Amino acid sequence: MTPAEPTVYVSVIGPGQATGQEREAAEAVGRGLAQAGAVVVCGGLGGVMEAAAKGAREAGGTCVGLLPGRERAAGNPYLTLALPTGLGELRNGLVVAAADALVAIGGSWGTLSEIALALRTGKPVVALDSWRLEPPSARRPGDAPGPVRVATAAEAVAVALRLARSG
Amino acid sequence: MTPAEPTVYVSVIGPGQATGQEREAAEAVGRGLAQAGAVVVCGGLGGVMEAAAKGAREAGGTCVGLLPGRERAAGNPYLTLALPTGLGELRNGLVVAAADALVAIGGSWGTLSEIALALRTGKPVVALDSWRLEPPSARRPGDAPGPVRVATAAEAVAVALRLARSG
Amino acid sequence: MTPAEPTVYVSVIGPGQATGQEREAAEAVGRGLAQAGAVVVCGGLGGVMEAAAKGAREAGGTCVGLLPGRERAAGNPYLTLALPTGLGELRNGLVVAAADALVAIGGSWGTLSEIALALRTGKPVVALDSWRLEPPSARRPGDAPGPVRVATAAEAVAVALRLARSG
Amino acid sequence: MTPAEPTVYVSVIGPGQATGQEREAAEAVGRGLAQAGAVVVCGGLGGVMEAAAKGAREAGGTCVGLLPGRERAAGNPYLTLALPTGLGELRNGLVVAAADALVAIGGSWGTLSEIALALRTGKPVVALDSWRLEPPSARRPGDAPGPVRVATAAEAVAVALRLARSG
């Protein structure tokens, strides 16, 4: 309980139906975050969420899954803690609220909702082959900048940790 | 109480700090929706939300505002009904859940979160000068198509009503 | 749009499976609130919720239903506005957040959760044949007082309106 | 990762401003649950929540705090994981949704809202010097029975574990 450096929490977000490449990246990101002592948070289901949890657990780390439904059993088998919320897709907002920074890998509409909500609420987002977003013509001053694009899982981990710690 | 055609609900979403052009478009959309008998739903605050409410009310229609905070007084003065939620930015999910279809005008990160959540949950979105979104390289089969882009407020109203009714 | 006296919102809460006497009381409460110009809010389903909506509508008033699921069609036929939330039982918190005061009629565990959440967040509750609540032995100073018990629907309306207006 | 007996989750609920006796009981309950391998969940703040977390941690266990606000720093220092939700008092519903069973110690209105929501959604509640609840005269058939009253912390732990495991 010696409060050295406080633990940081990084949410890994991405589609529940992921490609092999996306799963590989998510597993590497989960592993890298856990090795650095970060808590990994995710939506608790399959695809990118499961791969990130697998990586974190295999590195001896912690992964929390915030599930959309009411059944704990819906969580993937790699979660350290599986928390049902009963909020449906609105649990995406909890995945954002629990994070100091987020890593987006690939992306479905659900992932995009998390990216946008994170940027709306001032949480940094690191994106690995995720959505490209062009704002409407009249950009409002003071809008948060978009996600930070990175090219590799290692870079995603490094940038996310830096941003999470400087939050 | 003769259940002729059931009432449709259309959420109008967009930034709280809007340009003159965005406000004009939102007012025209609110007016058009109300004239067609649709209930207008919005996030209850200023900018696009206020302009849509103004248009709806001036056409004799109904506009419901779902407010992020706990204070009803934060709602704009044109709302027929102002409902505090206390959910903060997570009330964006309620603006989506209450809608049969959505019209996005301009866009901030908050607006993008609503667009994405709507498409994630199968609600059609009509976009007037809003975000351009390019999915990641590995697009998942079965993903919902993106927002329907339109060029004018009149077109936004017509398309939104058609999509809301065919939902 | 002349802001005379601001509209008050009163939530009528009670079980979805209600006795004839509870339904009668709820209908009278909905009617009385609507006649006084209050907006009636409820959970949108059957029993007490439906009876309150019926009373409000037959008096020419407005009743908003905040539904637990994602389907508008689950709302009872007397709602002026039926808003799906997708939050499941957590929508009880929205029924509380939307209200200036609440009237509880009868009561199930769901009703009790609304009574408690209302008192927790400083909203007055009027109770007509509802739960009797005895606090634990060590009562904390500063706790809100309990619900105001009344004996008739007319008294419930009068007290709720007075408390809602003095909020 | 050998799925022996699955981990159970028990939420410990009670006032943030607690008496010495309530804190002592909460600490003993947190300790007993952790010694049995259960994950302790709480609302993350002071009083009963802090004491339960302290007991769990000192026994080498895990305590998750689901915070009402958006700031992780508001969590008490004994939490293994502190998760901000931004939902305000509606996070009470998450404390319920995450649990297989709940232990209520003492009680404020917030605690009562959790007890009621738990019983509404079929989660067993064990109560140690908490609210006494008398239902309205017309009790609905099929209503869940009330909380299980116990006299000591040890009994609370034993009964909660039994109910959580038989869920």
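We call the chains A, B, C and D, going by the order they appear; numbering starts again at 1 in every chain.
Basically, a residue touches a chain if its C-beta (ideal position, glycine included) is under 8 Å from a C-beta of that chain, and two chains touch if they have at least 3 such contacts.
Which protein is which chain? UniProt says A, B, C, D = TIGR00725 family protein.
As the structure is a prediction and not an experimental result, all values here were calculated from the model.
Graph distance from subunit A (TIGR00725 family protein) to subunit C (TIGR00725 family protein), where chains that touch are one step apart, equals 1. Chain centres here are Cα averages; for subunit A (TIGR00725 family protein) and subunit B (TIGR00725 family protein) they lie 28 Å apart. Note: centroid distance subunit B (TIGR00725 family protein) to subunit D (TIGR00725 family protein), computed from Cα atoms, is 39 Å. The set of subunit B (TIGR00725 family protein) residues that touch two or more partner chains comprises 70, 86, 89-90, 93, 97, 121. In terms of inter-chain touching, the protein chains here all touch one another pairwise.
Against subunit B (TIGR00725 family protein), the residues of subunit D (TIGR00725 family protein) that register as touching in their complex are 70, 86-90. Residues 1, 3, 9, 39, 41, 57, 62, 64, 70, 72, 77-78, 81, 83-86, 93-94, 97-98, 100, 121 of subunit D (TIGR00725 family protein) are the ones touching subunit A (TIGR00725 family protein) in the complex. If you check the complex, the residues on subunit C (TIGR00725 family protein) that touch subunit D (TIGR00725 family protein) are 15, 17, 19, 21-22, 89-90, 92-93, 97, 106-110, 112-113, 115-117, 119-121, 129-138, 140, 142-144.
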